[in-house]
Each structure stands twice: as structure tokens, then as C-alpha cells.
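When the chains are written out, they are named A, B, C and D in that same order, and each has its own residue count from 1.
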Amino acid sequence: MSAPATGTNVDMQVTLGPLKLKNPVMTASGTFGYGTEYRELYDPAILGGVFLKALTMAPRPGNKPWRIYETPSGMLNSIGLQNVGIEEFFEKKEPFCRELAGKGTAMCANLAAQTVEEFQQLVERLETTDCIAAYELNVSCPNVKKGGCQFGTDPTLLRELVAAVRPGTKRPLIVKLAPQVTDVAEMARISVDAGADIISLINTFPAMAIDAEKRRPILATVTGGLSGPAIKPIALRMVYAVRQAVDVPIIGMGGIMNWKDAAEFLLAGASAVAVGTANFVHPTTPVEVLEGLQDYCRRHRYARVSDLTGALELP
Amino acid sequence: MSAPATGTNVDMQVTLGPLKLKNPVMTASGTFGYGTEYRELYDPAILGGVFLKALTMAPRPGNKPWRIYETPSGMLNSIGLQNVGIEEFFEKKEPFCRELAGKGTAMCANLAAQTVEEFQQLVERLETTDCIAAYELNVSCPNVKKGGCQFGTDPTLLRELVAAVRPGTKRPLIVKLAPQVTDVAEMARISVDAGADIISLINTFPAMAIDAEKRRPILATVTGGLSGPAIKPIALRMVYAVRQAVDVPIIGMGGIMNWKDAAEFLLAGASAVAVGTANFVHPTTPVEVLEGLQDYCRRHRYARVSDLTGALELP
Amino acid sequence: MTDRATTHAIGMEAATPPLSNRHFRGQVVEAEEIAPRIWVHGYRLPEVARRAQPGQFVHLRLNDGTAPLLRRPFSVLDVYPGDGVARILFKVVGTGTQILAGKRPGDDIDVLAPLGSAFQVPENVRRLTLAGGGIGMVPLYFLAKELTAARPGIELDYWFGARSAEEVYLLEDLRQWCKRVEAVTEDGSAGRKGRLPDYAQEWRGADMIATCGPIPMLRAIQATTADWPVPVHAALESFMGCGLGACLGCVLDTVDGFERVCTEGPVFDLRRLNLEVPA
Amino acid sequence: MTDRATTHAIGMEAATPPLSNRHFRGQVVEAEEIAPRIWVHGYRLPEVARRAQPGQFVHLRLNDGTAPLLRRPFSVLDVYPGDGVARILFKVVGTGTQILAGKRPGDDIDVLAPLGSAFQVPENVRRLTLAGGGIGMVPLYFLAKELTAARPGIELDYWFGARSAEEVYLLEDLRQWCKRVEAVTEDGSAGRKGRLPDYAQEWRGADMIATCGPIPMLRAIQATTADWPVPVHAALESFMGCGLGACLGCVLDTVDGFERVCTEGPVFDLRRLNLEVPA
């Protein structure tokens, strides 16, 4: 067992199958850039892990504006997987990833693609750097016409994809589930059967905003993905449902704004959490979540934060 | 064409296939009791329609407390279809329904059952009163172990149910869709193919809340249904998706708090709207929605509120 | 009962016309932090001041936004019908009560009231024990004040349970109305040490018990008084939606099945309640 | 530029230590409604007062709750480095700005700042036209003030577009700094009648145009000035998420693809922008 986190007697390390994190607090893909944007606010190396912004083989310009909008306790986004493409990632972003990886933060690549082959190519290319700790298959982005969403909602396609990507790497394979399915537990089961090591959830919900006065959709793409505290109760239920269905570890996310929300996800069955939208609202949220979880463990006399996972007592 | 609503030159009447409403503002099932509870606050006869609290053949005690909880911009409920049962409905509640029906408010029965036969029995019994304007099949209640939810998430069961209930009545048949499905448009199509006249949506989302300090779920049933403004962007998207998929009229709901929200649902494709959770927050919301929609039509020079339906301009 | 013209000066302005028989827009006329995180608010609400009875509650909207979303219920602390003022006392425990604590005299307030059932004290009751835990003191304060005015000669014993001395307040008022006022604190920093139910045997002589407080406390009192030959009534709490009886969200379990705290309650015959769930 | 010790008296207290290089907790030291629904706020934020440049913005958290959820961006109106105060001017248009307008001197404020790009005025510019529509005046006010101090002899023309006279403000300040100050109102109730771009031909003599305002206005100015041989720079708006360049939510379309208003902007070379979408 590793040394407990500095200045505390709580062991914050968590082991998600093949993925070890120095603590259970991560940042969600697309909400933290490549880690560089928040450097001026705090040192991202304190994080257990970072999910990088989705990568595609070719650079993608993303969707037309408007791309984001606020809704009650939530936000819509329709970024459209804008990213620099895998080659420019290597040129410009990989060095900082390497730096953080060197400090023990698990840098996880979030992969988006329209075909099984492209997913395989992404993995193949990323196998050439040792700074990537795990792959997260983004099969659930609601914001591109043809961008992987069909994988997340079609059980057969999902099974094929995971099975096809699995042989290409020995690194931990994380499947990020789409929430807009009838049976999220079934999609988790399929992913695990096909070789996923870890399940992460939830991605954003397909949703929509309308400007009544202009009689027009607000987002240029008409619909977008809903994130933030509004969806937290749905996300918690899904983590809880997946926890009953599969044995692999879960990374929970959806509306986490503070340590209490994070504790709820752990109690519901997650082994780690990712902070998303909260990075925009209060950029030091991950730091405060980490501190709050330590304090929670101390107050409730948990020696290891990992003891929280699934510790919910049922009525 | 009927006379325009009092004191205005906007025609507020809407025609939903076989169901005519004097205006498009209704109250959602389970949020307005049997109409009597709000009498002291305003005259429910101003409403276009009322969805009654779910009825089952036998009385149901409902779930243990706690049954409700607040979440960010939303609420969870797990009432468990508590209701007096169909016979006591006839004894105690039917007279007031008759009174409202006599004043031109469409009283719609919300039916919940565990079997196709029980749905048929409910319709059969309710055919004996002329105060019911339409039946809404609640195939989507997330809060009972075996309570109709499987009908709302299983295409085959849904088709069988609607087809089986259809011959039992000439009254308008409304199917209320569950949001926790991969393809809500497909569920709408199935309902219409099997004989539904109208689609209503959305019901609440399966969701969960946890008391981190007590390490327990807050609701006695562990999970409940999420409603309120938090889910409005999801509901709007679903109404919009169903509108593209079927030709029958839609009754939209999910987080409507004011006339602007209501206008958004109409623009997205609904022909009428139902106010739910807002009845708890601000009980005169339906009155204000009605006035606000009239005013909106005047400002935007719509002669008929029905012209708003689907009037969204795409980019 | 004297009305307090000075404190409620703002209250003397013309009242906003009622939105309906149960729905009012009032103004804050008094807002005082009487103990750490404990506030007393007075609202200009003439109808409520006229009609509210001990045990009934007001259901307050906190803001125009969507979070917090639902109204919050608070027992009526007392009324000044002459001034047209009704008061509440609340403890800041979360977002909603924090927002409420930010309101100042002159601010508007949107209220559904008066709601729910009231304490019914049978005519033959000569000696009444009031046992309030924490902010459970509120409806009992109102009851003590009303009974003192309405039934001269009635003997009131007031037991005030709290964690520590700083959570004990308004004792001076209670002493005006009650023959005996006892504080019980968990740390012994005021009055007797312990919890209210520890002293329940001392209530034996009463013709009736009226109580209000956390469910574990009520459960203990229920157990102790189970076979006493006097009525034991309690004001209960629950998460509330509508406050009007429509949502069925606020029920508690009784011998006759689930009953709504907002409509059949908040005042119940304590013996009728099944308090096993929830805690 | 004189610092205003009296107004910013509260600002003289010790500042809260910065949370980081970009994230500060400040205090409101000034809050005045200078025109209907138009507020000027001064915040004690020594670092921001030292570093902010015209065109840059602050990204404010409005409350601790979840609705409104996101921060709101506001251009810096001016700074008083001596007092450690930075000011903004904002119009109440929705929930967020309404909450902001409720803040009072002494209240805390959580700020990411200074963010984004600033107006770059080439050294050879002798005559600069500033054209601000509505609250688009804010960054140009700062620019006029700064240039007056930093480049004695520069000639500034200020064109203030608004719907009507009551939406025209701070002209006295602008007159101190600018050779010519023109108001243009849609209803003609102050200055000339019409819209700002109607008068763009009068800006012909300038060495540079700096502008800010609604997109339709910028589009018209873009069209008129398309082939002028001088720089035309504009401060743009967009819905913002992070304000830090991470979410990619705030982009506008440019000749080089989508660029972030919070990072590459808000100040852009107007000719580089494709303003067809959105409106």
C-alpha cells in the first residue's frame, strides 16, 4: 500500500483494475482542455487523473456558434469535438501531458471517431507515447452528426467496437457510456464482456434550448448536450445501476460541484469521479473536492477513500 | 371556429385530433390532485384540461416516506401511484370532475396498471361516466416496482398494450412516453401505429439522491422520478424529436415554469402543454402561462395560438 | 396580547391585496437574529394574522429562480392581528433558510397560508405540558401564548430541549405564560443536562402533552407515554412539495395508512403515527 | 488619472490574498445605478487594477448556488491602481445581472481576471475613432481614458450609439478625454437620429477605428469600412463557459477558423470575422 496523501492519514489512492490513481479526483473530458488552461489557477499535478479533450485523427473545426447556453442548473454544449487532431496533439500538447504524467497524474486520452478503424488508429498512434495512462472511448458524444454516438446507443455496434479496440493495447480501456439509453446497465455489461476495464459515465444528455422571442433554436446545431448539477440525480442513478450490473470499477461524473456530490458518487458505486462543468463555474473545484473527501473520510473514520465505494446503506 | 378567449382577439382553442381544448394549458398528472386541491387558489375551469392523478383499479397506499426531495432546479418524487382506486374515484372525485367538465375543461384520466387487462378494465369502468374527455396511458411511471414502466421501455409490450386498449373506447387515447429510452421517436411511432391519437411527454426521469452524511439514499424507494426545470432542455428535445417522427398532436411537459417555457414547447412541436412541478412552486402558474401565451400571440401577431405549434425556424 | 406598533411600523402600510384565500404577497416588517443562526421574521399578512392557529404553517417562496425550487414550510410563531403581522422563527440549515435570512424589512414575500391542522386542546385540559426540541419550540410557543390569552387559569409547563445554552431562546416570553419553564441541554450548559425524553416522567401529572421536535425525540416520547391516559399531540415535519395536499409527497405512516403532513397534519395524535421510517 | 480615495474608502482595507494569478476574491466598494438599469460597480481587486487593459474582461461568479450556474463576463470600465479598484458597467438584462445589481458595498465578489485580449493601438495612430453601441461603450471608455493618459496629443472621436437619451451616460467623462463626442439615438432624443453605422462615413479621417456593440451593428460597420486603409478593431461578445480557453464554447468564425472570444478575443481585427452566424 502506498504512502497516504500528504498531511493526512487517509489513504487517497484508488485502484481501478489496471489503473492506479493517486487520488480519486479527475477532470472530465472537454472541460479541462489539455490541462494547460488551468495551470495559472492551480497545479493540475494534484489531480488523480485528467481526461483530455476528445482527440480525432484529423483536426476538427467543431460546430458553428452559438455552442453553449445556460439552462436551469445546467448548460448545453455543442462543441462538435473541435480538436487539433492527433498529430498536432503530439507536437503541441504531448509535452505538458508528459510533464503531468511524470508527476503521477493519470493522463487519459478521450477518443472520438466515426469508424471502428479510426478508433483503432487513434490507439495505435497513442501507443507510441508513454505519457497516456488509459484510453477512454467516447461513444456517446451527442453533438456530431456522425461522431460515435451510434456506438453508444446500439448494443451490437458497441460490442464490436470495444472488441476491436481491445487487442490494440494493454493499457486500461475505459468505455464512456451515453445516458440516453433504455438500459445503461446492459450497455455496461456489453462493454465489459467485450473487454472494457473500466466504465465511465455519464456523458451529456441530448437536449435543446429555444429562444421564444426569436422563434429559433439557440444552438447552431439545434440540439446539444446537457451537463451540470441538473443531471446529477440521473447520473447518480445510472452509476448505481451500473454498479449492480458489472464488477469492473466505475468513474462517475455528472454535475459534481463539490466534495459532497463526489462522495455521493463514490457511495453509489464509483471508484473515482470526474469534475466537468464545475471547472467553468469554480475552477478550483477539483482541489476542493479532494480536500473535502479527505476531510469526509477523516470524520467518518474511513482509512482509505476506496472504502467509500458502494458503501451506501440501503433501507 | 369558436369565439376567441375572453378579452382578447387571439383564438386560444386548440384541436388535438379528436380532443378539443378551449386553450392549450393543462395540468400534469399527479401534480394537481383531482383538481379540488387548487380550488381555493383559482378556478380550475379556466384550464384547457386537467390530467387527473393516476388511477388504478384497487386503491394503492403508495410508497413509504421519504417520497420527495429537492435537487438542483428539480425534484425527485416516489409517490408510488398512491390513489383511492377507481371505485372511490367514482364516489368522491367524479362529481367535481363533472363540474369542471361541464365548464368545458377536458378532464383526462391518467391510467396506471400492471397488466394489459387492468388497463382495459380501467377504460371499461371509466366509459360509464361522460365526464372523462380522454385517457392517458401512464406507461412510464418510474416509481413502482411493477407498475407499467416496462410498457414504456419495451417496444413490443407498448404496441400490444395500445392495440389492446384501443378497441375499448372511441375517446381520445393519449400515450404518455417514458424519457428513459434510446429512441423516444420510435416509441411514439409505435404508439401511433397501434392506435394512439395523441402523444404526451415527458414523464419523470429515473434518478436518485443520497445523503452523504448518513450514507443512505434519501428516498425510501432508493430511486425516484426527476421533474422540474432541470429536465426542460431534455423534454424540449424529445418533443422536437417526436414531432419529426409522427403526425399526431403532442402534449408537451417537463419543467414548464412560465409562459416562455410553454411557448418553447409549442414552437418545438407541441399542440398543448401541461404544467407539473410548477404547481407546487407557484400554484397560479397555469393562469399566468395562459395569459402570457395570449400576450405572446398578440405581440407576435399570431391570430391563433395553434399557429405556434412547430413554428420553430431552423438555422 | 398587545400589538407592537413600533416594531411593525412598516406593517401599518396598506396591505397587498390577497392573491387568493390561501395565497398572499406580504412584506417583511421584522427580521432579527435572536440567537446564532436563529431568526425571527415578521410578515405583514393581515389575513394570516387573523386566521392562523398554533400548529399551522406558512409555505414560503424563497426566490424567483429555480434553485432552490420548492417552497419551504415554517410553523407560525405568533400573530398580531391588530398589526396584521404573522411571525415565524427559523434556523439557518441550508440554502433556502440562508436566502430567507438575507431578507430585510420592506422586502416582499410570497406565502401560502395558513396551512395544515392546528393543536386542538380539549376544554377539560387544566394542565398542559409543552415539550419542544430545538426549533420544535415554535408551534408550542404560539400555543402557549394563545392559550394564556384564551383560557385564563390553564396551567402550562414548558420544556425546552436544545443542544446547548446558545440554542435556548425566548425563555422570557415563555415564563410570562407558563407556570414552569425548564430548559434541557445535551451538554448541560443551560438548565438540566440530557435530552427532553429523559425527563418525560416528570410530565406525568399533565392532562395533555403537546410536543414538536426531531423524529428520534418524538419516537422516545411516544414510547414513554404510550399507556398514559391523556392525549399526546405532536407537530411533525416532512419534506414538502405543494403544501396543499395535491402532491402526496409529505406523507407519514399512521395506523390508518399514509397521511399528509400538510393537510391531515402537521399536528397528529402521536400514538397514531408509525415513526419507524424514516429517521 | 486621479484616484478617488473617498468613493473607494472601503477599498483601502487590506485586500483578500489572491486565490491565484487569475482568480481573486474582491469586495464591492462602489455600486451606483447611473441610468435606468445601468449600474457601475467598483471592486477592490488590486492585481486586476494593476494589470487590466482596455478590452479585457472580468468573469464574475454571481452566487454560490446552481442557478444561475455559469459566470458572467463584463468588460473593465476603468481601473484605479492606487486604490486597487477596478470598475465595470453593466446593464440589467436577465437573472444574472439582476443578482449582480443587488450587491452592495462590502459584499464579496469572486472574479477571474483579467481575461482576454486588449485593444492594440499602433504607435503611429494620431486620430482614433471610438464607436460604441449601448453597453459596447464600456471597453472604449477605458481605452479613451488610458490613451489620454498614455499618449498626450492623440485625437479621439467618440460616437455613442443608443436607443434613446436615457441610454446615453458618462458623456461628461468622455468629453474630458475626446475632442469630439457624438451621441446617436434611434429615436433622436439625444444627439443625432439613427444608428451608429449610418454615420460611419464621418469616421473616414481616422487612422484607426475601435468599436464594440451588437453584432448587427458590427456587421454594418464591417461592410462600410471594408476597404478603408486603416485598422478596424472590435470587441466582441459571446456566450461564455470557462472564460479561460478550455471549453471552446465561446468561439466566433474568423478567416482562420473558429477563435475563442475569451482568449484570442474579445478584441479582434473586425475584418477577420465572419459575422454571418450567429445574429
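Going forward, a residue touches a chain if its C-beta (ideal position, glycine included) is under 8 Å from a C-beta of that chain, and two chains touch if they have at least 3 such contacts.
Keep in mind that what you see is a predicted model, and the values were worked out from it rather than measured.
Student: Determine the set of chains touching chain A that also touch chain C.
Tutor: B, D
Student: Averaging each chain's C-alpha atoms to get its centre, pick out the one most distant from chain D.
Tutor: C
Student: Tell me which of B-D and A-D has more C-beta pairs in contact.
Tutor: Most C-beta pairs in contact, of the two: A-D.
Student: Could you give the separation in Å between the centres of chain B and chain D, each centre being the mean of its C-alpha atoms?
Tutor: Measuring from centre to centre gives 47 Å for this pair.
Student: Centroid from C-alpha atoms only, then distance chain A to chain D, rounded to Å. What do you get?
Tutor: 36
Student: With chain centres defined as C-alpha means, what is the inter-centre distance between chain C and chain D in Å?
Tutor: Chain C and chain D have C-alpha centres separated by 51 Å.
Student: Hunt down the residues of chain B that sit against at least two other chains at once, touch-wise.
Tutor: 72-74, 220, 228-230, 315, in rising order.
Student: For chain D, jot down the residues that touch at least 2 other chains.
Tutor: Touching at least two other chains: 66-68, 277.
Student: Is the chain-to-chain touch network here best called a line, a ring, a star, complete, or other?
Tutor: It is complete, because no pair of chains fails to touch.
Student: Applying the document's contact rule, which stretches of chain D touch chain A when the two form their complex?
Tutor: 19-23, 61, 66-71, 110, 112, 238-253, 257-258, 277-278
Student: Which residues, counting only chain B, touch chain A once they are in their complex?
Tutor: 71-74, 76, 153, 180-183, 205-210, 212, 214-217, 220, 222-223, 226, 228-234, 236-237, 240, 255, 260, 263-264, 267-268, 296, 300, 311-315
Student: So in the complex, which bits of chain D are touching chain B?
Tutor: Those in contact with chain B are residues 66-67, 277.
Student: State the interface residues of chain B toward chain C in the complex, per the touch definition above.
Tutor: For this pair, the touching residues of chain B are 30-33, 37-38, 40-42, 53, 61-62, 64-70, 72-75, 77, 79, 82, 220, 228-230, 257, 277, 279-284.
Student: For a test of understanding, state which residues of chain A touch chain C in their complex under the given definition.
Tutor: Checking each residue of chain A against chain C gives 72-73, 229, 315.
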